[in-house]
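Presented sequentially are two complexes of chain A, the first with chain B as partner and the second with chain C.
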Partner chain A sequence: MNIQNIRQTVRDHILKEFLRDESPGVLTDTTPLISAGVLDSISTIKLASFLEEHFKIEFKAHEVSPSHLDTVAAIADTLARKLSQPKK
Partner chain B sequence: MAQRLDALLAASAARRPGHPAVEDPENGVTVTYRELALAAERVCRLLVARGVRPGDRVGVGGKSIGVVASIFGILEAGAAYVPVDASAPLARSGGILSDCAVAAAIVGRDAADGLAQAFGRKSGKGVTALDELAALGPALALVDGPAPRAAPAGASADLAYVLYTSGSTGKPKGVVHTHPSALAFVDWCSEALRPTADDRFSSHAPFHFDLSIFDLYVSIKHGATLVLIGDNLGKHPGGLASTIAGRRISVWYSTPSILRLLVEFGRLERHDFSALRLVLFAGEVFPLKHMRALKTAWREPRLANLYGPTETNVCTWYELPAEIPAGREEPFPIGRACSGDRTKVVGQDDVEVARGEEGELWVAGDSVMRGYWNLPERTAAAFAVDADGTRWYRTGDLVREDGAGDYAFLGRRDRMVKRRGFRIELGEIEAALYRHPRVSEAAAVALPDGDGGVAIGVFLAIVDGGTIPTLELKQWCAGQLPLYMVPDRFTCRPSLPKTSTDKIDYQALLRPD
Partner chain C sequence: MTATPISRSPSAPVAATGPSGAAAGPATPSGPLAWFASEVDPQAASERSARFPKTGTEWLRFALVALQLALAAWVIDQFQIESRAFSRLFVLCGGGALVHALLPVRYRLAFFALLSFGAFPVVIGVVNAAWTIAIGLGLLALCHLPVSFRMRVALLVGAGAGLVVLRADWLHAPWPSAIWPVVGSLFMFRLIVYLYDRRHGGKPRSIWETVSYFFLLPNVCLPLFPVVDYATYRNRYYAEDAWQCSQTGLRWISRGLVHLLFYRLIYYYGVLAPSEVAGAGDIFRFTVTTFGLYLRVSGIFHMVVGMLRLFGFGLPETHFLYFESANANDFWRRANIYWKDFMQKVFFMPAYFKLRRRGETRAFVLATAWVVFNTWWLHSYQWFWLRSRFPLKWQDGFFWSVIGVVMVWNTLRDRRDVRARGRRVTGPGGWLGRAARVVATFLAIAFLWSLWTCETLTGWLAMWRTIGSDTEPATPPGTALAIVAFVFIVLVGGAAAARWFTDTGLAGDSARAFARGLTVTTGTLAGLLVLGTPAVYGALGDRISSMVQSLRVARLNRLDAEKLQRGYYEDLLDVDRFNSELWLAYKSKPRDWLELHETKALRPTDDFLLTELVPDSVAPYQGATLRTNRFGMRDREYELAKPANTWRAVLLGASIVMGSGVENEQTFEAILEESLNARGPGAPERRYEILNYSVGGYSPMQRLWAFEHKALEFRPDAAIYVAHEKEDYRLSRHLAAAHQRRLTLPYEELRWIQEEAGIDESMSAEAFDLRMQPFTRRIIDWTFRRFVATCRANGVRPLWVFLPTLEMTGKPKDVAWLTTLAREAGCDVIELFDVYDGQDLLEIRLADWDYHPNLLGHRIIADRLFQELTARPELLRAP
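Up next is the complex of A and B:
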């Protein structure tokens, strides 16, 4: 899966789950999500849990944070890095 | 018995100097009682040398062993600590610390320059790195307080801490507790919950949240070990579950929301929780559905609900039965008064109602706050004073006493809501939205979130009859309010419905179209 596909999956999920009624154009790859209050702590956990299941990966505690998950681009980068690591 | 909170640390350090006092798994630091007491003493000396005097206030932000040492150091200096949310907008934290005219503040090194600027200083001025605490976690700095330093009425050497909660007029208000009011609560915990020096307490709540009073002082008083859970770990159910199990935590205290996340996403079946003996929760109603799930996952530990607004500390409590009856549908009560506190249920005209009737819960006793910082009128309005001088705090919570003598929680009298354990005045959200240049009317309402909790919805009228994207409104709110106060849903309408007296008609807003 390339980075564009990952970004699209993440964007679609965020729009569907957390930004219903919002026109898709407002959510860009660099829109701040956690630091701007779009995702609160519980939404962040739900998002992380969806990503873990969908992409078959696991986040470490420090990764469920704005430095790794604050934008669609950052989320996709974090996921791409995890997906490229060999499975244990 | 100790007369001051800082004496609890001194006594435990004398009794068990080599025992681990605080562990910080995220930063990989542990301190013994001797080390914690020495670090607190260094902070105390530093503050005194900077001119901090008894009765002064000193701000603190963040969570680490260095911050715990700072809190005890502030108390040792005779000052009161004012904890602020390190993740909230600086304008709000800076405003809080200016409101109670702190003499200084101890915050993360990365936040110090911003805070100094919020106090009206040029960048880099009035900031001193606290190298003394470098071994105790992330770097801290001491920031000089805003000048000039006024001495507002209400300052006295028995003040212990000021906790700011959401204010209905848009400005947070400071709840002032003294050493005696905090110790009344701490001593009740000793009596009711029987902690021991072998216990290992969780510290999940941030220090600006009143649940932290239990974690910090009950654990230190008993010479037990406190396990700090920082922001990152606190929001990661899988990490939390492995920390509770791996660190052998025996006493857990958090909001029901966190317990629910643990059950739902924490994969509890992977871990051994045999050390856990007591699970306490507070801050909001625990929906029965999620409580059952918790009871199924954690069969052994005792479960108890502690109830009380920040103003009273914990004033009633209820221990859950070992089994939740299969047919039960109504939530469990908030219980009855803790020893040392008195409670009564009051109806119209401030007259006590008969058992079984609905009314407002009033609380009197040693654990009740002194008042709101520098708000004499708000303080007077919060209390009803009997002829014999008894001060009854009007909680604003509606309750009914059941046949067994326990109070059932029914709702609120005013516009305060509890969301994930945090207290939110809907008026403060509206005030933040009215500051948006295009908002002409704002009405915030509490809505069921469909899962037993509370969501916050806002109805808005926009200046030109247009709309503002949800994303922009959320970003606006996040710039003005702590993240837990950012509303979930926004609805823009051409205008908001009005009552006959031309006020916003909240009932009409909540009616389905």
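Up next is the complex of A and C:
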């Protein structure tokens, strides 16, 4: 799965689950999510659970943070990095 | 719908960086300057305008930022925001920010760190600064030792334990105690965050990043400080347009100023003591104003983050419309957001991820409970470093338990319906429902807050029992209704305006966003400046004028001034943990700043006087030396027999008159005597002697007793009784102390009053106080009459002077009864209500923790008394 596909999947999920009344145009790759309050702790965990399930990866506690999940671009980078790591 | 960047908060950053932070590694300079360079990608930084201004637009923005900084500094000075030190710090910060904006980006971190270091000696003095920096660098060295992470943590825990021993005073620390709140505030939470992020994140750009993170510039003045997240601090460095970053910072600074002035309004005019509450109106006022005092925290935090944004740190806001919370979880997310993030990162997420294999619901509940528990004890941990006490109060446990239960319940409900929270509130029904939830949440939190912050449960419960009682309320019904209406308008209006706040284009780096931020900030600051101008507020009517005038002065409110004054006599250092004003006043008090009863110059007596100064004593006292003559006066030596051609007066007063904190020759008594001998009527042939028989803490009856039993033998021509606004309070304390010592009152009239009040020997001091309180004015009246009668019987002119303390917050009319009693008793009266008018109170008081007049204050009093006495020469003659 390339980075664009990852971004699209993430974007679709966020719009569907957390920004239902918003136009898709408002969610760009660099729109802040956690630091701007779009995602709170519960939503962040929900998002992480979805990503784990969908991409068959596992997050560590410190990764569920703005450093890794604050924007669609950051999420995609984190996922790409995780997907490229060999499975343990 | 437009494509405006969405946010739930107006401060939404506009760009984000990856996990590694803002920049990739550029080529660093060589030579000595390399040591000051930090890794910042010059290309990326330049795109964000973090470069020397080149274009006309950039220079214009630079000038506009400078203008707003000047306005903010002016407002801070005009309203005496926080402290004089803060005013100086802000000028340093503003000037530094402008220099910083002209530097190459790679040197800016080093400059910011060095500027922060430079602020320490400016604010806390060279010795304190050296100790603080040395301790801090020692802790940082432990964080970076080339040993395993576990070993570093163990060493830091060991160092922390050593500091605990010293902070608790189990062992004497070699450094001044004044540095503890600063050291505590710098490291108590940031070390935890730093270690966590170092464990899981990348390495710092340079040593300057680490150093600047711990020695954050505003922290030296503001020990109540947000828990700035290290990862955010480094990742948000020049992650957005530099000018917009500064502009947002300036907007938050102006917002912080507004919060602090609203706080001051509530603190001066709103708060009641639980013992003053009578009825529903008072209870409403008590609960909402107690909660309203939190504006001080949000105001300071807005200022702090605003100041940091001037240096390129695109930190998010710390509070977001928290009075508009729609439930407990919402409040948790909006008030002190940095604390919430700290808890989430260090406690919630690790706990949740550890527990989730056993079921998500259980993990949510336990992780939330874990957060609440840590919030509870870390509050006490914070107070330990700031105030050396670890207050595990039942109120804290109760408050956090209730919040915890409600949060768990809300969390479970939110988990089931996470989608609903992504929906916008629409339509009148939706907004009405939200407004109702906001009002209910506000009232519930204010109710809990009042319990959390009260000193005793008994006092809190007694307050509620006054509903329906006949006691006259402190708040007139009209005022109570106005407070209710104001609170509801703010809450409901705020709920409706929330959409505007979340949707405006204040975020973003466009020219439009900069212009809007500029307009809001400049308008707010200019508005405050205009409002604080005497010519403007003077035209707004007496009431508003006096209110605005009082807001321009940083002082303790009526209740705290009383506590501070009690502290002079009663060791009242255990200030309430929520009383930040009084705590700030006390925190810098040196160990050797003794109260009078702690010196060897005061001794107990067996009679009604209770205490007196020891003759021929020399004692260090509040930064000066207290010397007494052979008669036990704080004065030079006099002969018992009055010399020829001399006007002699005895002076009867309390601590101000005795000269707390100034040298013998600097008291207004000594200065006045010198002035009269140099320029008084008939001088220099005619001599003047003023014998100071004042003693700190003396009540009206002690002054009378000292006059009758000590001063009269000097055959004075005049007796000058100096009163202040706390005559009744001092009298009741004196009588209660005499009662505790089982002393028989020495005057028959007083014994009758005691009988009438139903006093018996076995009564506790509190019960005695309560019984005697209705009689204090009558006793003062009797004291003044007795003073005049004794004067007349001995050919002495009775002079009565009203000299307010620097803590006096009331108006002359509040103490007019004292003057009336003195006049009716037959005294010649001199009123000095306005003696401090036009003076900056900060300039004429001894110290932040002691409101007695300093040398300048004594000079002002002496000059005024000289004018009053020489304008009425008959006062300087025998009666």
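To be clear about the criterion, the second predicted complex is superposed on the first by the 88 of 88 C-alpha atoms of A that agree within 3 Å, B and C clash if a C-alpha of one lies under 4 Å from a C-alpha of the other, contacts with A are read in each partner's own complex, and residues count from 1 in each chain.
Note that contacts are C-beta pairs under 8 Å (C-beta built on N, C-alpha and C of every residue); 3 or more make two chains touch, one makes a residue touch a chain.
The shown structure was predicted, so the numbers you read here are calculated from the model rather than taken from an experiment.
When the two complexes are overlaid on their common chain A, residue A:Val64 makes contact with chain B and with chain C alike.
Using the contact criterion defined above for the overlaid structures, shared-chain residue A:Thr78 touches chain C, although it does not reach chain B.
In the superposed model, A:Ile45 makes contact with both chain B and chain C. When both complexes are overlaid on chain A, the residue A:Arg7 reaches neither chain B nor chain C. When the two complexes are superposed, the chain touching more residues of chain A, out of chain B and chain C, is C. In the three-chain superposition model, chain A touches both chain B and chain C at residues 19, 21-23, 26-27, 31-32, 35-38, 40-42, 45, 59-62, 64-65.
Residue ranges on chain C touching chain A, taken from their complex, read 1, 3-9, 11-19, 196, 199-201, 231-232, 235, 316, 320, 333, 344-345, 348-350, 352-354, 364, 411, 414-415, 418-419, 421-424, 426.
Listed in rising order, the residues of chain A touching chain C in the complex are 17-23, 25-28, 30-32, 35-38, 40-43, 45-46, 59-62, 64-68, 70-71, 73-74, 77-78. Residues of chain A that touch chain B in their complex: 19, 21-23, 26-27, 31-32, 34-38, 40-42, 44-45, 48-49, 58-62, 64-65.
Touching chain A in their complex are the following residues of chain B: 26, 231-233, 235-240, 257, 261, 265, 420, 469-472, 474-475, 477-478, 483-484, 486, 488.
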